[in-house]
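Shared between the two complexes below is chain A, which has chain B as its partner in the first and chain C in the second.
Right after this comes the complex of A and B.
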C-alpha cells in the first residue's frame, strides 16, 4: 500500500525537477492526445518543440519567441508576487485589456502629432490603467474583505465588454470604412512600439519583461518588502505577529501585478497587435497563470517557463498549418501542463512510502 | 425606446430560465464547499457539461441522454480535481484554475465539429391545471423539466443538509476535518463524492445553457456563469434557500438587461452586458461583511498523518 509521508522540509531536488517532469509527462500525454486526433504524435511534438527553434524556418520563428514570451513573462512576474503571498489576482486578462486601452487612448488622442513624449506617456497610461483596474479588487478586499479572486475575474468580463465598446465605438478608426478596430499604431511612428534591434523580436515590452525579472528577483531576495511577501504566504500568523501590514501587502501585490499586466497590454497593442480590435487579446492573462506556476513563482523560473509557453504557442501555430492540428488542442495541452505540474508537485512536499497494511 | 414591449409575465418566466444554469451550478458548489473544498473550476466543468450534453443530444436525438452525459462529463472533470486536491494534496485554488483552463480547452476541442448545429428542442412541460392560472401559470408552471429539477434539487439539498445524518457528516467534514477523521469518517472519500456531485450539477447547468437557453454551441459560451455561481455561494452564506434567491436576482438582472438591449435603450449594448458582472461584484461587497458562515475547513488541505 502507498502512503504519503510529509517531508520535514520541501525537497530542493524535486523543486527543480518537478517542472521538468511535468513537461515530459505532458509531452507524453499530449502525444497520446494528438494520436487520438489521428496525427503522428512524434511529428506533432517535434513540430511544436523542435521546429520553431531548429527547423528550416527557425530564423523566422525565433524572434517570435520573444514577442510571445515577453507579455507572458511580464504578466506572470506580477502575478507570482501576489501568489507568493496568497493573494490571487486571476484577472490579469482584464488589467491587460485596460492597460492596452489606456495606452492606445493616449496615442489616438495625440494623433497625428509626432513628438518624442508620446510613447513614454503611453507607457505611463498603460501602467496606470492596469494598476487602477487591479486596485478595484485590492481596495474592496482591504475595505470590505471581498474575495479578490471573484472580483478580479468579474472585471475581466467587464473589461472585455469595455474593449468591444471602444473598438466599435469611440476608438474606431474614422477612416476605417466602417470596419471595427482603431487606427493601426504601426503607421504612427511616435506611438509605434518598434523592435529595438530589427529582426530580433526584441521590442520595448520584452525589455521591460527582462527588467521585471531582475526587479522581482532583487525584491524577493534582497528587500524587506519581498521578505514580508514571502512570510505572508508561508506563515501568515508569524507575519502578523512580526508586524507585517497585510493591507500594504495586498495593495502592493495587486497593484504591481495590475501594473505589469497593463504594461504588457500596452506594449502589445502598440506593437505586435498594432490596433485596438475586439479580439486583440489572446488570453495571455490566463496563460500567464500557468507560466507563473510552471516557473515555481521564481523570477528566473518564470523567465524560462514563459519562453517555453511561447514555444508551445508558436509550435502550435505551425502544427495548425502543417498538420491540421486544431488550435484548441494546444489550449488543452497548456491546461494539461498545469494539471500535471500540480500533481507531481506532491513529490516536493511528500515522500511516497510503500508500507504493508497493518491491523488496525 | 419602447418599454411597452417588455411584459412582466414573460420577463419573470424568462428570469426562471436564466436563473437555472447558475442555480444548478451554485447548489452543486454549495455542497462541495460545505464539505470544506473550494473548487474554482466550476466554469470549466460547466463548459465541459455544455459540450458533452450538446454533442450527445445531437448524436442520439435525446435531450435526456444529453443531460445525463453532461452530468457525467462534469463529474468526470471534477474527479480530476478530486484526485489532484484530495489524493495529490495540491493547492485547491491553483487546481481549480487549472480545471477551468483545461475545461475550456477540452470543450473547444470536442466542440469544433458541432458549431452551427441545432439540437433537438427540449419540450416544455406545462403542469396541467396549474399552468392555466393567469399570470402565475405562465411564470411558474410552463417550463421545461430542468427548471423544476433545479428547484427540486435545491429543496433536496436543503433537507439533506439540515435533517439527514449524511448531511450532518458532510457538514462535520467541512467544519473540522480532523475531528471528523478522529470520529472515523472517511474525509477524503466524502469530499471526493461531494466534488463529483458538484461537477455533475455544474455539467447540468452548462448543458442547460447549450441545449435550452441558447440553444447552440459556441466556444466559451458559458461566459463567466461558473464564476457567478461561485459568487452565488458566497452571496447565499452557504445556505441552499438563499442560493435560489441569489440565482433569481442574477437571472433577473440578466433578463432585464437583455430586454433593455432589445428595447433599444440609448446605451451601447456592451455597457448593458457588463451589468450582471458589476452587480455580482456589488453583491459580493455587501455580503462579504459577514464571513462567519463559511465552513471552517474551507480550502484547507487534509492529510491524515499516521
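Right after this comes the complex of A and C.
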C-alpha cells in the first residue's frame, strides 16, 4: 500500500517541479473536462496554451499577455512579502480600487490642463491611496490586535461601494448624458498611461511590475529587512529573540502590498481600462493571491506565474470564442490549476513510500 | 511611434483580410455580459442569435462569448472576434460602449451594433428597446394587485434606463392606487442570483407583496415563491417556469427580428449606421401572458393599456408630471421627448429615497 512519509527537509527538486507538474495534470484533467463537453481536448488545450503565443493572431495576443499579467504580477509581488511573514492581506482588490480612484481623481482634477507633471502625480496618488487603504488593517492589527484577513477583506466591499459612488457621483463624466462612469482618460494625453512602445502592450504599469520583481528579489536576498520578513514567517519566536520588531514588519508588509496594489489600479484605470466605472475591478486583487502561491512566493516564480495566469485567461477567451467552450469551463480550468498545485505540493514535504502490508 | 502604429494596423488589417477571404459565410459575433443560461437578458440575446442561425441557415456562422466583464477585458474579447473574421458584432451590454467604439476604429470594415448605448460611428450602430413601455403595464398590474400597498423594486445600476423603468412603473401603479409606495434596492449587478434573492427577501420582509426586478436572474421569483402570497414578473425573458404565480406576467425582449434585419442588411450591402429605439409597437418589447392570478378586469385594463401604447395613442410619460422635488416636468398632455428620457436622472414626484449619486 501507499504511505506518506514526512521528509526530513522539504525537497528542493519538488519545490521547483510541483508547479510544472500541476500545470501538466491540469492540462490532462482539463482535457478530460473539455472532452466531456464534446470538444476536442487536444485542440482546446492547444488553443489555450499555444494560440496566444504562436497562433495566427499572436501579434495581438502577446502584448495582451503583458497587459493582463502586469497588474497580477505587481499585486502578487506585494502580497508575497506579507505572506512570507505570515501577514495575510486578502484585500488587495480594495487597495487596487482605491489606488485607481486616487490616481483618477488627480487626473480629473487637472482636466483639461496638459502638463508633464500630471502623470507622475497620479502615480504618487495611486501608490499613496493603496497604501493608506492597507494601513487601516495594519494599524488596527498593531493597536488592537484585530485580524488583518477579515479587516482587509471587508474593506474590499467598502472600496467597491466607494467606487460605485464615485462613478455615479463626483467623478461622473459631465458630458456623459447622465450615464455613470468618468471621462475616458485615454482621451486625455497627459493622464493616459500609453504603451511605451506602440503595439507592445508594455505600458508603465507593466514596467513597474518588472521593476517590482527586481526590487523584491533584492529585498529578500540582499537586505536585512527582507531577512527579517522571512525569519518572521519561518520562525516567529526566533525572530522575536533576534530583535525583529513585529510592528514594523506588519506596517511594512501591509503598506508595501497596498502600495503595489494601488499602483496596479492606477495604471489600469489610466491605461487599459481608461475610466472609473462601476465595475472597474475584475478581481485582479484576488487572482493575485493565486499567482503569489503559484509562484512559490518567489519574485521570479511570481513573474512566471503571472504570465501563465494571463495565458489561461487569454487562451481561455480564445477557446470560448472559437470553440464555443462555456466560460464556466474556463473558470473551472483555472480553479483546477490552484487545486492541483496545492495537491502536488504535498510532495515537497512528504514522499510516497510503497509499503508491504503486514499481518496484524 | 507613428511608424510602429501604422505597422501594427497594417498587420491587423492583413490578418483580417486573410480570414475574410477564407470564408464566404457571413460571420456574426455576439458579446454577452452574463452566461447564456441566465434565463433573462443574455438568454434572450442568445435566443435571437439562434433565430439568426435558423433564418439564414448555412449562409451565416455565429460565434459568441459569454460572461465578458465590462471594461478592459471587453475590448480584447471584441478585438478577438474581429480578428477571427467576424463581419458583424453585437455587443449586448451598456458597459461595452467605449470598448466597442475603440475596436471599431481599428476595424473599419467590420460592422458593430451596441445595445443600449449612445455612441455611434461610421461602422457602429446602437439599438435598444423601450422597456419603459412594458414597465407601465407592470406598474398597472402591480398597483392593482398589491394588498400591502408596498411594491419592492430590485434595481441594478442607477443609469437612465433603470430609472426610466422605475418612474414608468411608479406612475402607472400610482394611477390605479394612490396609496402605493415603492421600496427600491440597488443591487449594482445585472446578474447575481444570490444578491438578487437577498434583495427580494429584504423587500418582502419590509412588507412588499409585489416584486419588480431590473436584474436578470429568476432568483427574485424563487424568493417570492418561497414567501408565498408575493407576486413578481419575468424580466427580459418570460420566465414561464414560475407561472401562474408568482410570475403573473413578464417583459420579454425580442431581439430576433432586429438581428435578422441587420444581418440581412449586411448581406445586401445596405447596412448603415442607425439609432434604433423600438418598443411594443414594432415588437421589440413583448408582454408575456398575464396569468389567471390577475383578476379579469385588471387583465383587461392591462391589455388595453398595452394596445394604446402599441398603436401610439398613449405615451407612458404623459403630463401632468412633476419631478421628485416638486418642480414641474411635463404640462398637462405634454409627452416626454426622447432626449430627456435617454438621459433620465431624476425620480418623478411621489417616489421616496434618492437616486444613488
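Following the convention adopted for this analysis, the second predicted complex is superposed on the first by the 355 of 360 C-alpha atoms of A that agree within 3 Å, B and C clash if a C-alpha of one lies under 4 Å from a C-alpha of the other, contacts with A are read in each partner's own complex, and residues count from 1 in each chain.
The working rule: a contact is a pair of C-beta atoms (placed from the backbone, for glycine too) under 8 Å apart; a residue touches a chain by one contact, two chains touch by 3 or more.
All values reported here derive from a predicted model rather than from experimental measurement.
Could you classify chain B and chain C on chain A, in the superposed arrangement, as clash or fit?
On the superposed model, which is not a single observed complex, chain B and chain C clash.
Does the superposition put A:336 against chain B (first), chain C (second), both, or neither?
First partner only.
For A:117, select first, second, both or neither according to whether it touches chain B, chain C, the two together, or no partner.
neither
Once the structures are superposed on A, label A:64 by its partner contacts, choosing first (chain B), second (chain C), both or neither.
second
Could you look at A:50 and tell me whether it touches chain B, chain C, both or neither (first, second, both, neither)?
A:50 contacts neither chain B nor chain C.
Is A:164 contacted by the first partner chain B, the second partner chain C, both or neither?
both
Just to be sure I read the superposition right, which of the two partners does A:293 touch: chain B = first, chain C = second, or both, or neither?
first
For A:90 in the superposed arrangement: first (chain B), second (chain C), both or neither?
first
If we overlay the two complexes on their shared chain A, which of chain B and chain C does A:150 touch? Say first, second, both or neither.
In the superposition, A:150 contacts chain B only.
Based on the superposed arrangement, let me know which partner A:277 touches: chain B (first), chain C (second), both, or neither?
In the superposed model, A:277 contacts chain C only, not chain B.
Between 41-49, 59-67, 221-229 or 329-337, which chain C stretch has C-alpha clashes with chain B?
221-229
Return the residues of chain A at which the contacts from chain B and from chain C coincide.
164-165, 168-169, 326, 328.
So in the complex, which bits of chain A are touching chain B?
4, 6, 88, 90, 136, 140, 144-147, 149-151, 153-158, 161-162, 164-165, 168-169, 286, 289-290, 293, 326, 328-336, 338-339, 342-343, 345-346, 349-350
Would you mind writing out the residues of chain A in touch with chain C in their complex?
Touch list, chain A to chain C: 56-57, 59-60, 64, 67, 164-165, 168-169, 177-180, 184, 186, 197-199, 268, 272-275, 277-280, 282, 314, 317-318, 320-322, 324, 326-328.
What residues of chain B sit close enough to touch chain A in their complex?
40, 80, 83-84, 88-91, 93-95, 97-98, 101-106, 108-109, 112, 219, 223-224, 227-228, 230-231, 234, 268, 270-271, 273-274, 277-278, 280-281, 284-285, 288-289, 291, 303, 305
Looking at the complex, which residues from chain C come into contact with chain A?
So the residues of chain C in touch with chain A come to 1, 4-5, 7-8, 11-12, 15, 29, 35-36, 63-67, 69-73, 75-77, 79-81, 83-84, 94-95, 98, 102, 118, 157-160, 188, 342-345, 356-357.
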